[in-house]
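Below is the structure I would like to discuss, written out as structure tokens.
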Amino acid sequence: MKYSLFGESHGPAVGIVLEGVPAGLTLDMQAIQKQLDRRAPGRHPTATPRREADVPTILSGVFQGKTTGAPLCALISNSDQHSQDYEALRTLARPGHADYPAHVRYQGCNDYRGGGHFSGRLTAPLVFAGAVAKQILAQRGIFVAAHISAIYGISDQTAEDWDSLRQVADKPFPVLDDQAGEEMQAAILEAREEQDSVGGSIECAVFGLPAGVGGPDFGQNAEGIFSQYLFAVPAVKAVAFGAGVAFALMRGSEANDPLYMDDDGTVKGEQNCAGGINGGITNGMPLTFEVTMRPTPSIPRTQFTVDLEKGENAVLELTGRHDPCVVPRAVPVIEAAAALAACQLLGI
Amino acid sequence: MKYSLFGESHGPAVGIVLEGVPAGLTLDMQAIQKQLDRRAPGRHPTATPRREADVPTILSGVFQGKTTGAPLCALISNSDQHSQDYEALRTLARPGHADYPAHVRYQGCNDYRGGGHFSGRLTAPLVFAGAVAKQILAQRGIFVAAHISAIYGISDQTAEDWDSLRQVADKPFPVLDDQAGEEMQAAILEAREEQDSVGGSIECAVFGLPAGVGGPDFGQNAEGIFSQYLFAVPAVKAVAFGAGVAFALMRGSEANDPLYMDDDGTVKGEQNCAGGINGGITNGMPLTFEVTMRPTPSIPRTQFTVDLEKGENAVLELTGRHDPCVVPRAVPVIEAAAALAACQLLGI
Amino acid sequence: MKYSLFGESHGPAVGIVLEGVPAGLTLDMQAIQKQLDRRAPGRHPTATPRREADVPTILSGVFQGKTTGAPLCALISNSDQHSQDYEALRTLARPGHADYPAHVRYQGCNDYRGGGHFSGRLTAPLVFAGAVAKQILAQRGIFVAAHISAIYGISDQTAEDWDSLRQVADKPFPVLDDQAGEEMQAAILEAREEQDSVGGSIECAVFGLPAGVGGPDFGQNAEGIFSQYLFAVPAVKAVAFGAGVAFALMRGSEANDPLYMDDDGTVKGEQNCAGGINGGITNGMPLTFEVTMRPTPSIPRTQFTVDLEKGENAVLELTGRHDPCVVPRAVPVIEAAAALAACQLLGI
Amino acid sequence: MKYSLFGESHGPAVGIVLEGVPAGLTLDMQAIQKQLDRRAPGRHPTATPRREADVPTILSGVFQGKTTGAPLCALISNSDQHSQDYEALRTLARPGHADYPAHVRYQGCNDYRGGGHFSGRLTAPLVFAGAVAKQILAQRGIFVAAHISAIYGISDQTAEDWDSLRQVADKPFPVLDDQAGEEMQAAILEAREEQDSVGGSIECAVFGLPAGVGGPDFGQNAEGIFSQYLFAVPAVKAVAFGAGVAFALMRGSEANDPLYMDDDGTVKGEQNCAGGINGGITNGMPLTFEVTMRPTPSIPRTQFTVDLEKGENAVLELTGRHDPCVVPRAVPVIEAAAALAACQLLGI
């Protein structure tokens, strides 16, 4: 499967073409909608008040309720746009956003309204595709789940098993430890009150991947494949597998996962520092990783920047509606990216 | 340019085919050899005593001293192999290594001697390719440099500029702060004494990339391209751009890089938390990232594992020659991966 | 640029996502519509009477009249569908069509109405994309043009120059020699009268390509790149460059194109048997090729086939509206494929 | 599997890296050598007298007699080079060769001796890779075979079945009808006597491919995949599937292959005009195609050309050793390209 995302924040619609979907899949539209709703704006006090129904329209690739194997195109309409919020700022590069490099890259022709094609709104069709991928994986006994691992330094517990992570998908605020979740939400709301935003991280696991998938070389290795999908999600700035950055603090005797024969005849690790991957190949343990997401760059306070048309320093006062933290809504997006990556790894 | 690495630790040679090298480049073989020597084993008290000359033989793609534009194949011979070290362990999966997943992936047919194709020895031809890429980039005013940022919790200073990083390449132990370097070496030697190994991290910067290269979408974004090259380096388990994992502790007002017009008419950031990339596109600031490398899995102490042939638990006692820390020798490897990634980003 | 086609003959719409369109292009919608009209059904007595407006709706990638550099999605509605024509034949594999292999490939889930995603209708969005590509090429002084070279053994003249080929685009029946065109049309109408169809061929030329583009190796060579685009057009069964299949009848002394220095200081060939390509690289002469298209498989006469559900022999009586020859309407499609191939060859 | 060819006609060696070879294959070196010998020069009166042993050395990817799944690198030495033949002609572009476009493409730095990387000598490692691919296919009951279908207008019979084609591989001159073969050889020798060369064509079939492999879209369709491999073979200028260019002379009632249920429960065609492919997907009938190869451009007679250094017209008198017809030696090369294409189509 490969995907092409299209659309802009303030265009008529955003959408996706998904090539290579296996034929004969009965799409569970309810499950798809649930993932879209988890990502949708206006659903939670910590999120932007922009309201979008985010109901997908399938244009192709489904016939008589089943996937046909032909490219699947899904559209999601844009409705609640406040394009005028952006007119005044048209030539001012918002710090932390892609405005300046996009201006250079696209010779000033990119749609600047709401970030255009760079908008987090493009993650809606990505979640659609990920929900399709999750269904395909579920048929093979493979499950993807994620939770907020930290926001502004406040940490959730670590995920231990599929059952605990599965429950997170039903929570309005996707953490394992609700007490930590309360503190995170307080930190988000406090940041908003102070005209600011906060960053955080998401931990994700893929359960049920068979051992022996991937390879050591460029283009084959599991970490490389996953990272390419994950860095294509806006705001992701770091990807770490297994023990991740903590490996730099460890000794080999701690980092090596001792192996044993499980009762079911499979080889298991006594711990999973490797995050389910050795030498770029899955080892049958859960594939685990953590992504770090930068704080929302859009903050309603005075910022110093440049005017791209005049070529001179300028002062920016952002208005508009923004998430003070993108992490909570990004949880199903990271699941989507992981599900699509798992499909590629498996040759689906 | 794209590369294909081939060879095994205990085969006759390791090598690389590099397609798409621009024609007309006079290869600076001395600069190439310098990078290979920085990576070569047996050069430093903290490294494995295996001795290899690591002098490349060019089989194709160079004519009358210049690259021809045809695929460039370079071979590096293996000479100082102790294959018998591995015979006794043939069926025992070394924890932290790819032995078990490779056994599944390749149905037990992979070359197990010294890790075979999974060996860090494959990074020698990668460094060759990276040195070629560095030359190509240097012609465009682009420079890649790296240093050890931390080993076992002991941190080097942060790189501020190209000049300080350039000097690191001439040091036997590639750090900015030699005092920190002494402590790191002590930590490595102490780990070796205790039959153990340590992990660490490398910070790398690409200076001189123009603004406006890359794109937001899958397959185009700068972070995704770099991460694919970096995770193809053995032992890399995390990749973080700019402020990296620290973004999870930050507010937007700290993380946003304020912009200003520089005297030379270019747009600059007052700081560089973004690591030179916004929305997947370079912004003209140095592209910076940090990779985390796991501790060497090969440690000469008793480890618990499984016998892959007998399918039962087993105890492993590794002998052989190993680096107690791969990080110092990996510095030119990370530079190589970054240089190749920069070439892809630029469409070279 | 790369494209993803989606849609089915009897779905709500067909469309395309075109990634990598250069930013800043003012789309000439009239020129695009002209190409779509040349392909559209119901325009000519030799074509199917199905009527479609074939007016594209652009969903993304264009802002304030210019391309933004973001993926461009265009939709073309389906309106004049006679789906009931296909219900009776649902399980009968039409000879010459993909019904049987698609049934195997997609486990019987493909949309069988009007050929579904295999329909020639998918060439409408391809012509859209090709018209965009032609504009991009025209800015660089590169022009693509094609004509019917033969139908059912009746040959047109050979194209000699851009001016003669340019005029063909304005003719209702795209040939150089209108007398030959009359005979071809008579052959088509005669075939239709006899419940049959006819095949033919299209010659196409790309003028203005610079010398030195392409390469000898897999994935780079000009013939390989063009052929991949051309064989993606339904009904194309042969692709031949320059003298093409006549090379098998030639001697080297005839086939070699003698070279000379032109007055403008460029190297030219005294003839162009090579079709503008030597060793996979353009030589500055027009890139010329001919494609052969099979006769329309849909013919309204009794045919022997199998029932895919019952697994037994069956007799098929096709009704529905079909082109007795796809070649005339395919001329802008081949131009589109060639224009997209030329863009890939040039790295656009 | 994907391959990278490297080397030059007058360099130390030519070679290939083959990635993605399935693990556990015991290479039949005798079968590989047989294919290499069929291609090797100096074996037949109609071929160039250059003598090369063409015995491959495997550098990686094979351990204890079996493929390991790691990249397989094979080298074939160059020994019988007459480089001095080329010095005098260094700046004269040989008509019909890539000299001029390569000069532009590689800024005059390409290795001109014997055509350098453009040499037909590069087909030796390609035959090696194809022989490996043929073994992989044979394990799945898939066989590839080819014969000369025509030389200078003299035609062989058409291949009807696998058994007749299989015998061709054991003949010194690979045709079905030995009488036609005699005439072809006479035509080649006559051309040589007249300081000339001749072109021809090769017909190839892949037997045993399952129905339902491939797809209609760009990048998936069987014709597109095969054509990309075939056009990467030097001198191939046309590729035609099934009835090929004859489709332009046919009616639908002739071109459609009527279907029937075979006694073994599979769907078969009563004829195979489609060449085993409908809509880009295999239909279970033999996949058949014909390639046209241009006459050898190197002919030992006076030719008009340009001097690339002086930028003026020049006269060329070629010496050196050349095949008066490349078609006979190209038969195993086309088999190799087809075997590699079949592997890609099957996802191997």
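Per-chain numbering from 1; labels A, B, C and D assigned in written order.
Rule of thumb we're sticking to: a contact is a pair of C-beta atoms (placed from the backbone, for glycine too) under 8 Å apart; a residue touches a chain by one contact, two chains touch by 3 or more.
Since the model is a prediction, treat every value here as computed from it, not as a measurement.
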item: Chain labels contacting chain B and also chain C; value: A, D
item: Contact-graph distance - origin chain A, target chain C; value: 1
item: Chain located farthest away, centre of chain C as origin (C-alpha); value: B
item: Between chain B and chain D, centroid-to-centroid distance (C-alpha), Å; value: 39
item: Intercentroid distance (Cα basis), chain D paired with chain C, Å; value: 27
item: Distance from chain D to chain A - Cα centre to Cα centre, in angstrom; value: 46
item: Junction residues of chain D - those touching two or more other chains; value: 4-5, 19, 69-71, 105, 117, 215-217
item: Touching residues (chain side chain B, partner chain D) in the complex; value: 4-8, 11-15, 17, 19, 23-24, 59-61, 63, 66-73, 75, 105-111, 116-117
item: Partner chain D, residues of chain C touching it in the complex; value: 3-5, 93, 95-102, 104-105, 117-118, 122, 150-153, 191, 196-201, 211-219, 221, 223-224, 227-229, 231-232, 234, 236-245, 247-261, 265, 267, 269-270, 273-275, 277-284, 292-299, 301, 303-306, 308, 311-313
item: In the complex with chain B, residue positions of chain C that touch it; value: 19, 69-71, 215-217, 347
